[in-house]
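In the two assemblies presented below, chain A is common to both, partnered first by chain B and then by chain C.
And now, the complex of A and B:
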């Protein structure tokens, strides 16, 4: 099956998603957030059984957070990136840790660093940060330099 | 045996015995290296046959309770700081700390990170800092020889500073480790501010052509 045929099939099986081809053996799916779990489970049954990673991007100008899941099919040797967008205000994405257990850890990390809630994930406790009280640190409106200056201080002559 | 080791009260009081102890201390140093960052990679070449730290009587040690020097080889994150302080307090006196590379001095290239502690000497006393990113084995040996000279002259007194100013060090440690308040402004107000700025910018864009035309 060629990549164009595969793209057609994926688009047919996931109504509501936009499918586009990238570079030879990569597909990109843009899914609405309410279809996030069904799209991923559909792709898993279609042969994309390996979840490489789950990541988050803060698009502050559009006031949205984007979640990405990278899937890989060993049989077809095709890579699929599934994207979904949620508003930055109180973002919530349903968990997929039932499909891939390792997704739970990625969700825990995204929860800690971007403040995205994953309803259904049983453990969303902090994993990396120590006693964190501020904005999630990988959000674009978090000023890491100002935080470092106030929290740990640096000498006057080192200031820019 | 008792004759050999007996010393008089006068000798203790005028510090002669301390000077003898310092002479021997400076020539038998066991170091514990807390490999927080990339600095650890310069230690194997310093210790192995080419540069051979052993010829100065400096060797590696496995546990904090048996070592004399604590080497902090790299950046200190908030989570590591907790462990570093615990390790330092476990070490028996006399003990010395060597800050290795630029990160323990001022944060190095991670100086504006939210997770990296910038000045190690605010939390535990540092006797010798070896600058460089990373310091080469020659610099490491130079720094450790400087520490040996300081110990022999009785000037490496970091552990005494830690006793005397314990309150200050503990306050600094607690300030970063047991934070109860957010450091920056609360999230909602920062976001509202940003939205107001953006609305203002959009308003300026809309208003500009009209202003230009009139």
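And now, the complex of A and C:
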């Protein structure tokens, strides 16, 4: 099956998603957040059984967070990036930890670094940061310099 | 006299009447078999593990946040640090993602030079991995001797790139410099030495009855399980799945080369050990083929002033087959002088943070370090 035929098939099976081809062997699929789980589960059944990772991007100017899932099909040798967007205020995306065991760990990481909630994921307590009480640090409005000044105060000393 | 709060007699009494069955053991950086600054909090009953909580964070350096604050080219000196024993796949995946967004072509000689450095990095990482396997059960001789072999490759890296560990050699569009005079000849000699030492490694580690007995049956993974957990590289192939990014999603000069992928099958720690041993040998043969086939010409497409280098708005995911599996970079650009977001997929996360919940309970404390070494769990790539 050529990549164009595959794109057509994925678009047919996921109404409501926008599918486009890129970079020779990749598909990009933009899914509404309510279809996130059904889209990923449908793709897994269609042969995209390898989840490379889940990632998050903070589009602060559009006041949105974007979730990315990178999937790979060992048999078809095609890569799919699934994207969905949620508002920055109280973001929540349904969990996919039942589809891939390691997806729960990626969600836990995104919860910690971007503050996205994953209803249904039983393990969302912090893992990497110790006693973190500030903004989730990978959000664009978290200022590392300002944080260092507040937490350690050494930048003022250097300037004196 | 000790300044303990209890007298010796009181301690004896506590030991005699102690009714705790289960204890918490911090299996962390203070343990000689732990790889790097990472820890598992183990619930143990006697010597048997009954529960596990991974405890990353000791090594968190905020690479992904730092990358958003540095220019595109500056980041190349930052990212090799994500994986110490096998740093070059980071540079390659990052550069490939940028090249995909820009539509930038790498000249043939540049692609071959990347392949040479990536394969040398694989060899040096396998030497560490094979040595570590023995070291985890007290066989340090292998570790010392293999680190000696690894140093021959480090010398070549230093000659080519100016650095032994973090080479900072690749740039979007190619590599930083061409091969020095006499370098290829020296590499062939080093490859002969490495291959000549292999029978000794076999006798010392892979045919050693103690090692074979100890590795058999630890951490068994079926092929379906390996795929659903997202295992990649030698771990996936040792479970019997025929998958290699160098063939499936080719990059650098691999499409023009014949890449052998040995498949062990079996899926336990012994299969994974044999897998890296076979791949080590295949890598030596592959490097010889690269040296024979390397074309002349330019090794880099000019990218202009590196301080003003920008990437058009867009995003791309690029993956590289490292010695531990899939290293992936998802790079997002908004057209500015710095990346908007870079997300790193380290190959150790599926095993180190997810598969551990399935494998460790029921295992003996002594086997944890061997389990980690056999799955090549390298904490810096998930605790970045």
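The working rule: the second predicted complex is superposed on the first by the 154 of 160 C-alpha atoms of A that agree within 3 Å, B and C clash if a C-alpha of one lies under 4 Å from a C-alpha of the other, contacts with A are read in each partner's own complex, and residues count from 1 in each chain.
Everything that follows uses one rule, which is that contacts are C-beta pairs under 8 Å (C-beta built on N, C-alpha and C of every residue); 3 or more make two chains touch, one makes a residue touch a chain.
Here the structure is a predicted model, which means the values were calculated and not measured.
With the C-alpha superposition on chain A as described, chain C and chain B fit side by side in the combined arrangement.
Residue contacts after overlaying the shared chain place A:129 against chain B and chain C alike. Of the two partner chains placed by superposition, only chain B is touched by A:153; chain C is not.
Of the two partner chains placed by the overlay, only chain C lies in contact with A:68; chain B stays clear of it. Rounded in steps of 10, the angle chain B-chain A-chain C defined by Cα centres in the superposition reads 50°.
Contacts of A:94 after superposition: neither chain B nor chain C is touched. Touch criterion met: A:137 reaches chain B and chain C at once. In the superposed pair of complexes, A:120 makes contact with neither chain B nor chain C. By the touch criterion stated above, A:102 is placed in contact with chain C alone, chain B being left untouched.
Superposing the two structures on chain A brings chain B to within 5 Å of chain C, judged by their nearest Cα atoms. Across the two superposed structures, the residue set of chain A contacted by chain B and also by chain C is 128-130, 137, 142, 144.
The touching residues of chain C, counted against chain A in their complex, run 54-57, 60, 62, 64-65, 69, 100, 227-230, 232, 241, 243, 248-249, 315-317, 319, 326, 328, 330, 332, 340-341, 343, 345, 349-350, 353-355, 357-358, 383. Of all residues in chain A, only 22-23, 25-26, 49-53, 55-58, 68, 70, 72, 74, 77, 79, 81, 100-102, 104-106, 113, 127-130, 137-138, 142, 144 touch chain C in the complex they form. Within the complex, the chain A residues that touch chain B are 88-89, 128-131, 133-135, 137, 141-155, 158.
Here chain B touches chain A in the complex through residues 78-79, 82, 106-107, 111-119, 122, 176-184, 187, 190-191, 194, going by the rule given at the top.
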